[in-house]
Amino acid sequence: MIKVGIIGGAGYTGGELVRLLLNHPSVEIIFVQSRSQAGEKLHTVHPDLLGEIELTFSADLNFQIDVLFLCMGHGASSEFISQHSIPAHVKVIDLSQDFRLDNDKVYGLPELNKESIQSANYVANPGCFATAIQLALLPLAHNGALKEVHISGITGSTGAGFQPSQTTHFSWRDSNVSTYKAFNHQHMAEVTKSLMQYQPWFDQPLNFIPYRGNFTRGILVTAYQYCEWPLAEAIRVYKEYYQDHPFVSVSERPLDVKQVVNTNKCFVNLTMHNGYLMIQSVIDNLLKGASGQAVQNMNLMFGLEETTGLKLKGGAF
Amino acid sequence: MIKVGIIGGAGYTGGELVRLLLNHPSVEIIFVQSRSQAGEKLHTVHPDLLGEIELTFSADLNFQIDVLFLCMGHGASSEFISQHSIPAHVKVIDLSQDFRLDNDKVYGLPELNKESIQSANYVANPGCFATAIQLALLPLAHNGALKEVHISGITGSTGAGFQPSQTTHFSWRDSNVSTYKAFNHQHMAEVTKSLMQYQPWFDQPLNFIPYRGNFTRGILVTAYQYCEWPLAEAIRVYKEYYQDHPFVSVSERPLDVKQVVNTNKCFVNLTMHNGYLMIQSVIDNLLKGASGQAVQNMNLMFGLEETTGLKLKGGAF
Amino acid sequence: MIKVGIIGGAGYTGGELVRLLLNHPSVEIIFVQSRSQAGEKLHTVHPDLLGEIELTFSADLNFQIDVLFLCMGHGASSEFISQHSIPAHVKVIDLSQDFRLDNDKVYGLPELNKESIQSANYVANPGCFATAIQLALLPLAHNGALKEVHISGITGSTGAGFQPSQTTHFSWRDSNVSTYKAFNHQHMAEVTKSLMQYQPWFDQPLNFIPYRGNFTRGILVTAYQYCEWPLAEAIRVYKEYYQDHPFVSVSERPLDVKQVVNTNKCFVNLTMHNGYLMIQSVIDNLLKGASGQAVQNMNLMFGLEETTGLKLKGGAF
Amino acid sequence: MIKVGIIGGAGYTGGELVRLLLNHPSVEIIFVQSRSQAGEKLHTVHPDLLGEIELTFSADLNFQIDVLFLCMGHGASSEFISQHSIPAHVKVIDLSQDFRLDNDKVYGLPELNKESIQSANYVANPGCFATAIQLALLPLAHNGALKEVHISGITGSTGAGFQPSQTTHFSWRDSNVSTYKAFNHQHMAEVTKSLMQYQPWFDQPLNFIPYRGNFTRGILVTAYQYCEWPLAEAIRVYKEYYQDHPFVSVSERPLDVKQVVNTNKCFVNLTMHNGYLMIQSVIDNLLKGASGQAVQNMNLMFGLEETTGLKLKGGAF
């Protein structure tokens, strides 16, 4: 059994990680730390866990574990790392953005870096939009075919975390839609870095318009760029690229977000329009975009089948 | 023109009041006060007002007005009244619950107290659930036919105001439903007082289960009690009771909340089941349940046609 | 491996059953029949299944199976049974309402009839509202303490199936709420029958107001009745009743629907108000209220651990 | 009083038109025709109208009117025109797309064609997405500055009408998002025609990705293109262009759909990113995108103040 510790278990990604690990056949949860909720039962904060676990949030951590998940806010991971000396036997999976651009860590997108993840000690888990965009564009970059890309995407509210804000107030967000950080989303740096891992000379813009959706879970990304391949060739390239990646499927049908909600899957769809290749991708932002991908990385780091504990019943509706 | 001042104009009911008064043919808005937003344009806080009004929130009030609307949180009205000496020529319409049980004020439900509202100087505007429940039950009490009543009701999120809370966080409330303050809702005192105005010997429980709905506007109330009348007689009684009240209609069709959203209307529907008379009512919690009713009261207090400025296009969808 | 056939696999409960059985460790899906979709891949109709199963809907059935699930509309099961001679070695789990009142079948609520389910050949799977209401009231009836009950409940739209109707049109239902079949819901007959299994002299009304919610999954039921027990005693009775039932938990916290969505769980909460004992319950209408309970019944009928294949990651948000 | 007839009054745009005209001070509704609902009261089909109008849908039309609104499905208007000889004294406002490209009719976008609308006998009312996109781009074309544009937009479900379809089923659409007709939306022809009215040499693509939103009312459009102007100049150009158009405001704040829902307004916002000028616009698809614009056109055609009957209280929440 893999002994697991979680730092920052009271938030959305921490809770989602506990939900996954409780049903993981090779994992034992040793502790779940939370500053704000120490002493409370997990099912007090995550009430859906009632009946599944009686564990209490701890104030402290211990290193009698095999792997430590960092589920804190951005900035808190680097602070944590600077304040703790993590023993060599403890692997770290960090869900924050703090080290995603750090060449000393492994960027934890299995569809890009599976081998290096398998031997990594510290994995920086990708961002949610970053995951959806990369899975839409990696096969192009892999073939050196990436050009200027026009991207729009829409995300559920859980991507914004549990701290209340104006744009997560129900009376504001319900039946509403808006954009934010157009052309300037913080995930684009990690996207660009990954794409240049395959196509180092890439120097074109990735124009990205992120929309706030009035739903809680899921991301839909639409990207298009000029492409000289016929559609059939593009589809062949994408299928080939993803053939050994169990969570990504090239779909021949129109996509919608609920096809993958509550799963670790990513569906990708390709169409051609007036010379533009359009690629869409859908993921669950909390699973393939966060905690599910973290477990996928853990599986790879510990030599387990990649899908262990991640064959999830989708929400569908 | 009626000169109007508004205290607490940055909240939901204050904003809604401004939306109504801007289109009211007999009103001039003199000032809109807000402690938190003083100096800001109204359309900065209520961005839908862009293009309609260039007024700025004021820090202070003045009494060169005919009527003052108090749109502050509960408790703040009584504090305001204790701190200010309001001139005799200024009528007050108070949307808080602070004076709804005060016999020195007039309880501003026009379908109960139209005549006393017409001559009132200080009107305590009813609560939203209180309005919907009273409009469902007043004709029974008027006929001395009120018995123990079983009530369930569901409200939109704007009833909870703009301050964020766990239960107005989008990620929590979206696609969710729950109850709160079962058997113990703060509006039941004013409901009981009104019903006893007609049926003073009434001493039975009003059992009320309030639900939080995952929508922003609207209230649906379902009430039932034993009733010896045949259905046709009940319908006749209700139609007679509401015949001179332009905002209440007895509907022969099943009700849903969106039939009245964005209007000042109340629809009431009656059916009979195994000896129980079931009464349903629907209102918009911010209009007939708050700011719309406040304007209706203003119209009555100033001798205007009751519906002036309140013939609103419904949202319908 | 239990060999499974499904009749009517293109609908909501059929699709949900496939989702569950695909991850069930002791099941092999032999065929999924659908008249309307015969020849189509399952993932064409249920697109979320892409990547999980390549099976095609069949026009016909065969009886080289151990258990047959009937997922057809109400009325179609009895027609099916009258037209087919089901071999003795094939057990049937029928999700329709056709035989729920039939004394020759076993009513498949494990929290009421676990032993008879274990030896049953034909299980009539309970209705969704019926499940939520019974789980709220069974411990009272078990103790002979059931009295007249006042019940309100709210259900997601998937309970109405995939056939379009006015009340499942998005433009109508979104941000809307309404009631239907007040005092006259078709599930109350099976509820009454079950309660009288424990308390045969029960002859009081079960007054039930069903609401249509503007969400897709989940049911919340609120019931209250006079009760002479103190609250602590009621809680003790309920905990004792459910102690050997792994899917039902007595919660000390306020309930909301999303605590159980996408799980087979039922949470029950008890409070006391002015002599009324109030009981709330929440389930996922498609899981504990339909396909999940069907799998639970299958587990019992085949001697498996009751929770096999049903430890589902909840949706939570 | 302008005497009005409506053909096709049972649908969404027909109902919305009735809602508007009931409160219009210079209009008398003579008849509302509907094939499917002839003989029914308007408030049976549009239940929110209860208490406002007792009119019945007629099977037939008469020409004792001043203006006829055609609110039928696409294709039905041209069929209607070919089958009826409309007297010269009857002006027509056609909400379908049948004649929007017809040079013998006037394309009814007041912000483009105000003068020709004022003298028109037959106005082809623009499409909803077409309106939002044109209001975002017209000032650029007016200055000959239009280049290849990248556009994404998201629309409420009422744009798809009241006929049920898979993508308007609540269980599918709720909490879901998807695209449709990417690069191929039927409104782009009218958009292109209008833009070329100002900039005849324009021959670049207008790349448009339309999203289906999980809300009922509203459209948000995001467009960007290279632009050599500094942002301040772009804002100046837009403000100048719209200075005499009362329903369009250039907003300095981020836009969201609910800022204009239930109004006839359009808000436009401009920002600059890496050489791209980004323009966003928001409208209510049923008002500025359909029936509200139809009334605006009527006002112009009959010499009324353009905003008559269109100063609507916004929904805001």
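As written, the chain order gives the labels A, B, C and D, with residue 1 at the start of each chain.
Here is the rule we use: contacts are C-beta pairs under 8 Å (C-beta built on N, C-alpha and C of every residue); 3 or more make two chains touch, one makes a residue touch a chain.
Labels paired with UniProt names: A, B, C, D = N-acetyl-gamma-glutamyl-phosphate reductase.
Small disclaimer: the values here were computed from a predicted structure and weren't measured.
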| item | value |
| --- | --- |
| Most remote chain, CA-based centroid, reference being chain D | C |
| Which of A-D and B-D has more C-beta contact pairs | A-D |
| Whole-Å gap separating chain A and chain B, where each centre is the average of the chain's CA atoms | 46 |
| Centre-of-Cα separation between chain D and chain B, whole angstrom | 33 |
| Geometric centre distance via CA averages, chain D-chain A, whole Å | 40 |
| Multi-chain contact residues (two or more partners), chain B | 12, 158, 171-172, 174-175, 214-217, 256, 258, 261, 317 |
| Interfacial residue positions of chain D with respect to chain B in the complex | 12, 15-16, 19-20, 22-23, 44, 46-48, 50-51, 156, 158, 174-175, 216-217, 246-247, 249, 251, 253, 256, 258-263, 265, 267, 286, 311-317 |
| For the chain D and chain C complex, residues of the former touching the latter | 12, 157-158, 160, 162, 164-165, 168-175, 214-216 |
| Complex interface listing, chain C residues touching chain B | 150, 152, 154, 171-172, 174-180, 182-184, 205, 207, 209, 211, 213-218, 220, 222, 224, 254-258, 261, 271, 273-274, 276, 278, 280, 317 |
